[in-house]
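Chain nomenclature is as follows: A, B and C, assigned in order of appearance, with residue numbering initiated at 1 for each chain independently.
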Amino acid sequence: MSHSPSAGGKHSVGDFGEARLEGVSMIYEQEGEEKLVALEGLDFTVEKGKVTVLMGPTGCGKTVLINLIAGYEQPTTGRVFLDGKPVQEPGCDRLVVFQESALFPWMTVHSNVTFGCQVQGMAEREINEKAKAILKKVGLYEFQDKYPSQLSGGMQRRAELARALINDPKIMLMDEPFRGLDAMTRQLMQEFFVQLYEEEGRTNLFVTHEIDEAIFLADRLAIMTFQPGKIKAILEVDLPRPRQFKVMATPEFMKIRSHALDLLYEESSKALAAGQKSAFDLVGALASSKDSCQVPQ
Amino acid sequence: MSNSTSIAMRPAKTPSGQLNILCKKLFSMKNLRGLISCVVFVALWQMVIVFDIPYLKNLPFPHDVAANAASSAVTLEYWMHWALSLFRIFVGFIIAQLLGVPLGLAMGISKTFKEFSFPAFEILRPIPPIAWIPLAILFWPTRELSIYFLVFIGAFYIQVINSMQGVQNISVNLKWAAFSLGAKPKDIFWRILLPGSLPSIITGMTVGMGVAWNVLIAAEMIAAKGGLGRTTWESYTNHNIPFIVVGMVSIGLAGSLCSVLVRWVGKKAMPWTKKF
Amino acid sequence: MANAKQLPGAISVRHVSKVYDPEGVNVEAMRDCTFDIAPGEFTIIVGPSGCGKTTLLNAVAGFDNITAGEIYLDGELISSPKHQIKPDVDRMVVFQNGALFPWKTVMENITYGPIVQGSLNKAQAQAKARQMLEMVCLNGMEDKYPEELSSGVQRRVEILRALINEPRVVMLDEPFRGLDAVAKTVMHEFLMQLFCNSPRTMFFITHDLDEAIFLGHKVVIMTTRPAQIKKIVNVDLPWPRQHSVMNTKEYIDLKSEVMDAVHEEAIKAFEAGEREMA
């Protein structure tokens, strides 16, 4: 079950959570259809105590990678380890924050957040103490008796973070957690996430489509290739911490941004060759990429 | 965030302010238009009779119906019919839920069970409940039992299908999240699958209640002693035309009363669906 | 602006306020907003969610009225509490969640407007549509149905459908929301190209600050509700712009300026929202 950072004394939460994938392939076979190679021969390590962000074209297997580490799916070949131990089934040392909120709609915020503790049979008094601390931390203490549908999108995401954090996981698996939020809320959530990370130093694997989000949050930015999914490149994002939103308006940030965009272009154009609908967006890009448009007259 | 229908300036919560809002609501254009539609309807009804429109001239006058309703409402007999119909509905309906929900949930949870049971179920399901009437009368020792049975049939299939889909439609993410958090199969059933399928179950109850009333009225007209359907039919044979209309309206009222009740139960059972 | 040609499409917003009054509960969406959009100017509106940006768009488009002030288009009063002109093809709106007719092909979608208005016959409309599609590298798409296109291409077709009517003003309400980073970049280049080829007044609502500065002549920043003009930032970067402009000092300084203003409002909006829900 969950480890406690205070119990050992000398370990901090950032000393755990190294997820390693060795030669992982994931092949889906459906009757009557061509088999889909989502991942192939993937070697990848999520370094402990860091935020690793995954980007790549739609359909490159980012979510599959999350599911493998979470233990929801088993790889066709290869092995997945967490801190050296093979991953076999879901567990509360690796918690996922899903794309669309996966809060239980029929439970109040408090019941949602304490669900893990309850099913693990923790004592009620201890549960309530923990819940209070974590809800205060995410600023939802006054909202603990509300149902998810009564909360704004940003609050829902914070509740979901709290539900994971209360179990003190070794690694947080964030599968586009801020998708669907409006841009303002999204930015505030990013700042909240950065602050939380900088306080705790917990290992994070974060999937996103938003390039600014990716660079703002990341220590390492991994860009994946299109089917079969592999790691194309890993950019070290050495922007100083603690980070403020203003970092997005610095030359260093913009430099990493355009480098990452170039890499993404390449992959998306491969997706185009593979006939992906979404990749048609690139026709224009490749045609006019460097010499935009002519001035009239 | 403030993307809800939030409010920048609220009027002071004084009694006069609230009264003001209440008046505005009460005399809103919407309510006024609604009133007009009712008045026009009654006026048209009256005119149809006054102007001797062919085929429709046998309609009773609105005021005759109203008088008949008023005199019926003070008799015990009239209310006995109500009680009989409601009792039949509830017996059939509740048995349908007690059997339908577990069966549907089981089909939704276990693929193997579904593959065993669903095909047979699908052969019987398309038969309209009313088509069961002759067999039901032959089959059951008393008329009363056969009516319970027919009401049951009306609500049962719908509930099975809805419960099954309710389970199947629960997002896999919710189940995964629960597993990750350490939930065991019994937690998954009681705390995820059951509440997660509740909205669909309540929909099944609402729709089932409507069908149950259809079946009940048909069955009563053919086979019952007493009940709202029967008494309406009997007033046809007795040529008591105003009471036919009273009976019809009573059936409508009883039906909507039952669906209000179901919706109320749904609201109580699912506090999470009410917003703000 | 970029072009000295005599263009129509000057918008003047004068002391505009809007109070919604559902069932006697006042919601003040906008308060005393005044600003001008020059003809052929690419104007970007940014501000917190639900701050009344769309209210302004609705008033210019003719979907809704305002409760105080006036809005003029080329000197003609189009919106005031007493006077509200109807939606018309000279003020086209492109919505955030696509409104292409799914049962029509790309060609039929684009030519629909001019044909029903009778401004062009079918052959003329098709020729014009073909030319526009070619200009933005979308030729070959004519006979496809929207369903067969990616959302980015759908958005582009929708913009062309608006432009074929040669409106005086094109209004876009977060048109690229939900597209990924690469697709957005493509859309920006597409718009840049369209704009260079036929400049016209653009009224563009967005949340994306890079989008705002990259595309805009002028960025109007609004406050949280009730929406007021917080700041107007003129973007003096040369046209046509390429993405490399984002690495220049001028760009980064502008971004920093806009970001500060928007962030301040976002936090205010957030706190107000949190208070309201408690």
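Here is the rule we go by: a contact is a pair of C-beta atoms (placed from the backbone, for glycine too) under 8 Å apart; a residue touches a chain by one contact, two chains touch by 3 or more.
Small disclaimer: the values here were computed from a predicted structure and weren't measured.
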item	value
Chain pair, A-B or A-C, that carries the greater number of C-beta contacts	A-C
Label of the chain whose CA centroid is most distant from the centroid of chain C	B
Length of the line joining the C-alpha centres of chain B and chain C, rounded to whole Å	48
Approximate Å spacing (C-alpha centroids) for the pair chain A, chain B	46
Between chain C and chain A, distance of the C-alpha-averaged centres to the nearest whole Å	32
Residues of chain A whose C-beta touches two or more other chains	150, 152, 154, 182, 184-185
Multi-chain contact residues (two or more partners), chain B	1, 3-4
Touching two or more other chains - residue numbers and ranges from chain C	48-49, 269-270, 273, 277
Chain B-touching residues of chain A, taken from the complex the two chains share	1, 70-72, 89-92, 94-96, 98-100, 102, 104-108, 115-116, 119-120, 147-150, 152-154, 163, 167, 182, 184-185
Of chain A, residues touching chain C in the complex	55, 57-58, 139, 142-143, 150-152, 154-155, 182-185, 187-188, 209-212, 245-246, 248-251, 254-255, 257-258, 261, 264-265, 268, 277-285, 287-296
Of chain B, residues touching chain A in the complex	1, 3-4, 171, 173-174, 176-184, 187, 191-192, 195-196, 198, 270-273, 275-276
Of all residues in chain C, those that touch chain A in their complex	3, 48-49, 136-138, 148-153, 179-183, 185-187, 189-190, 192-193, 196-199, 207-208, 210, 239-244, 246-247, 249, 251-253, 255-256, 259-260, 262-263, 266-267, 269-270, 273-274, 277-278
